[in-house]
């Protein structure tokens, strides 16, 4: 941690700053230049908050050198994490496709889509039972009924299921009935929920928040891991920028950044990132090329009549085509699916 | 709602689109030009999702004309809403200052700060009992104990209290013991929480999300109001942009936008917006000048030793100075405090 | 163009609005609903400015339906444009790699790099003679001397050269001596420069501005084309967002958007987008997978001692490795290089 | 400057890094912790580029502590700069309003507006002769004829004139005929233009770029000052963010930041920031409250028929009203106008 002092910082202020850090067990090294007073703080500063340290009299700016995440940090584990979901391996050379409709809408719909995506090569079935919708007047999901239908689809096809949780109340139920529990972008910093998920033994798919930095995203993973659950799968789904042609801006460099900073697997969701069906396949191929560990792809048997996000859902035959082309990319990058 | 058709849209596709909208009770007007087919959709489209409509074959782009919020809409209520908190009026010509520490840290601290901010002119006491922290290793608030201390401070000073809720489980308790329930920026789209808050009869302070559009923010207010609770106070607290000199970028034009679009009161939090103590007073004055209905200001008796956000907390004497200068601005703009 | 009227717009105001548009040769269709007055404007509105129309009394908001660019528009030319640079074809199924150092620094440096990138498969040599630097105290390029060295490297290797122009004064010289003239991100809306480049007959490489929308970018291409020069190659090089781990955020969905909206070729520059050498190859592969028409890659024989942007420059052997892997992706997507 | 080393950096790499900095005349202090190697570099690092230093083998990340601007830095001059424009003082306790139409459109228009804004209290006349327009098909300004009309308006009213320059070719002419030369947001990093303006002795109004950081903005001021012209007035005019309700997001905290970092005067342009006439007055008051040194306000005698940006131009009577209310705020903050 680097402390830049204010120009007119008094000796008393500096002594006090030094005392504070020493009392926290840190070592202080003076690296001041002609124009600026600068202190280098040596020690485990991961638990210190930059803003708290900036409150000290005489401090102008505090810069963190050490990453604030520990368990999620690649430095703690050189090797990539593998997460096993009912025998399907995610991460470390494996490529996993999760696919299904945005929302579960009916028994026929989810069964038909499940069979179809399985036939095309998807390994895990996604489907929303509880839906976060911007409008209170929009369809909010089939809720428990939707969850039952997902379980039925799992039973029939053998595919593990991933679905979004929105409430702490449901953690126990989801822990029993769902194979991967998804935390949506809007809940990435719902810390109560993250803490509750840290206490169970179930893989968590953690979507990047709408405007989360990579560090904040990894800190949310850290929340789950700090509780004892280290089965976290990250999912890049586009970030909010000034550009409005696409719903969000897919940040594929984040995949590389996460892989450098962390040992956790990271998959890509091009459907939510763009909101445009015709962009999904090409960006899925790009995600595979850049080194993602998998994809989450929305597929609907009848996107026109979808109750949610039809514009970004592929038809089954489009998904089949996507898998074929993604596999060709996987051959180039040496991943197996 | 305006439907721009794809260049090669077939007659069948267009007929189908027309059918869909007619079945939803809409009237369709053809406003196509030479180069583009365009349909104008007349009727109550507020419940339709743009993305769902973009899923229809032959549709290139859907543009909403009508705002999707109803109860929060100025069009539903010309007059500004007043919210009464134990006799203190918020909105419609009143100016209200909520002040106190970021976190409740001890009995002495909260009582001392409460007395001090009251003496300086604050009407409502803020203080965090449950704290959303980016790091799982950071101080998470005194929780229930903090709430008890806030109640004690209320008892002694007579000031109503506002504090942040992070969990649906606590809605009932907060509804009984807190005067204004705060929803933090990170939970602005925690829809489960919003729904629960819609069912109680207690003022809600709804902070703008880190990267929420004004429309999304009003839609979150709509969630609460749709449930039956129309006592929503909005709070602008800075948005995330590329500029990193300040913690966030305070968007004072949002105050004007909200006042045009909605009848709800809107206050400004310059402490969280900037993260810098020395910016707070001037931006508080600017917020008063632009027409905000109040302020939320962090004050700490000992910011150096604050357990959270000391860098942005004013000392009591700085807060007193702020109130004096803000009052001068209020005279200019004709607001009473 | 859609005109949303203010709630209390008077009949006189509406009549006046109608008159204005009729006088501009437009047809007006009333598509008002219960809550809003809305007018659909039919005709060629591409030359009308949204903001000017919003100045009319009684108008609340103006929405454009028709794209404002014409010559760059895919609707004007179904087929992808091919640009021929000394026999090298850019666009429509061809994949072109432009490579070389950020700056020309010495005769030895540029010749060595030129030979090396040619041997690895680059078709066009890049190198900055005039450098836009944030600091006036930083190396500003070798200028004319750098241009001479580029010409020498071209003579020796036979590779066409691309280099950045920063001043209208040099348009004539560049038109004679350079094969592709690059407009940098900071000058994307230097309209005087664009106009001057519109009057010559030489391919222009137009980088996307730091925070340019896709529409603004195409409008800058339109500036060049409106002057008579339709040889425009677009280059995505990352956009400015809140995320600071990478220098910019590479927006690969923009490649897809540009290809849909326009017939112009678009290449990708992962070096500037990320500022990180170790990210370049993977993002180059992703760019090829998504359908870009080529790449611009920085290579330096001695990145440690580069006078500019060494951190993002590949060493020759890294570039060779990149080309090998990009070619494998090109096989998958069916492009030739 | 702080150098964070890569985890596996070799001794040779570290020695080499040390050598490089020593050869640049820097002193190196080791402030490594257990997990990270970190070097503190002491000396004048303002001319070093972060990215160049990141190119060194073994370096993970470089952080700048010292600001890279010198002449614009408050540390070089404690006292606020005053710029004298024909006897009108800008900065250091003075408040200056520049007002006039977006574009000069006719003799009658500019004379009428000039008389009117002068009568209301504006001290300096603005008007665009050369206009940067996104579309090549839009009105590009009256150019030289417009400049002549501005001079006529100056002659009649005695008001100094400010107008935008877009081309290096016109620097000489503008230096003779214009009182303040404006550099628009799109040209903030047109370094050739900045260099040319550094060589003349005339006040420059430097608008903040669409997505310029405060540091980049001050670095562009530094370009002008490095050439010898230290008469730079900064102008905040809104930045590009994800929020689209307003044209840009006015960043009033930037005024405070600039005043802390630099001694240069800074004014605010709420017209361009919002693009909405009805927002201008309130934000002008807020700008005065926050401590800006002045305003730039668009006024048009007939905004409906303006050839450019009518939607954001006030009518003369609205401007008069604005000045009255801004003056009341100035009394509060103790500034004279």
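Order of writing sets the chain letters: A, B, C and D. Residues in each chain are counted from 1.
Here is the rule we use: a contact is a pair of C-beta atoms (placed from the backbone, for glycine too) under 8 Å apart; a residue touches a chain by one contact, two chains touch by 3 or more.
None of these values were measured; they are calculated from a predicted model.
Asker: Applying the document's contact definition, name the chain pair with more C-beta pairs in contact, B-C or A-B.
Answerer: A-B
Asker: Can you tell me which pair among B-D, A-B or A-D shares over half of its residue-numbered contact pairs with C-D?
Answerer: A-B
Asker: Could you work out how far the Cα centre of subunit B sits from that of subunit C, in whole Å?
Answerer: 39
Asker: Roughly how far is subunit A from subunit C, going centre to centre by Cα mean, in whole Å?
Answerer: Those two chain centres are 31 Å apart.
Asker: Between subunit A and subunit B, what is the gap in Å from one C-alpha centre to the other?
Answerer: Centres of subunit A and subunit B (C-alpha means) sit 26 Å apart.
Asker: Using the touch definition from the top, which residues of subunit B touch two or more other chains?
Answerer: Residues 211, 240-242, 244 of subunit B touch two or more partner chains.
Asker: Flag every residue of subunit C that touches subunit A in the complex, lowest number first.
Answerer: Subunit C residues touching subunit A: 211, 213-215, 239, 241-246, 249-254, 256-257, 260, 273-274, 278-279, 282-283, 285-291, 325, 328-329, 332-333.
Asker: Tell me, which parts of subunit B touch subunit C in their complex?
Answerer: Against subunit C, subunit B makes touches at 2, 4, 7, 29, 31-36, 38, 40, 42-44, 63, 65-66, 75, 211, 240-242, 244.
Asker: Which residues of subunit A touch subunit B in the complex?
Answerer: Its residues touching subunit B are 46-47, 49, 51-57, 68, 132-138, 140, 166-169, 186-187, 189-192, 194-195, 198, 209-211, 216, 219, 222-223, 226-227, 240, 247, 275, 277, 303-304, 306-313.
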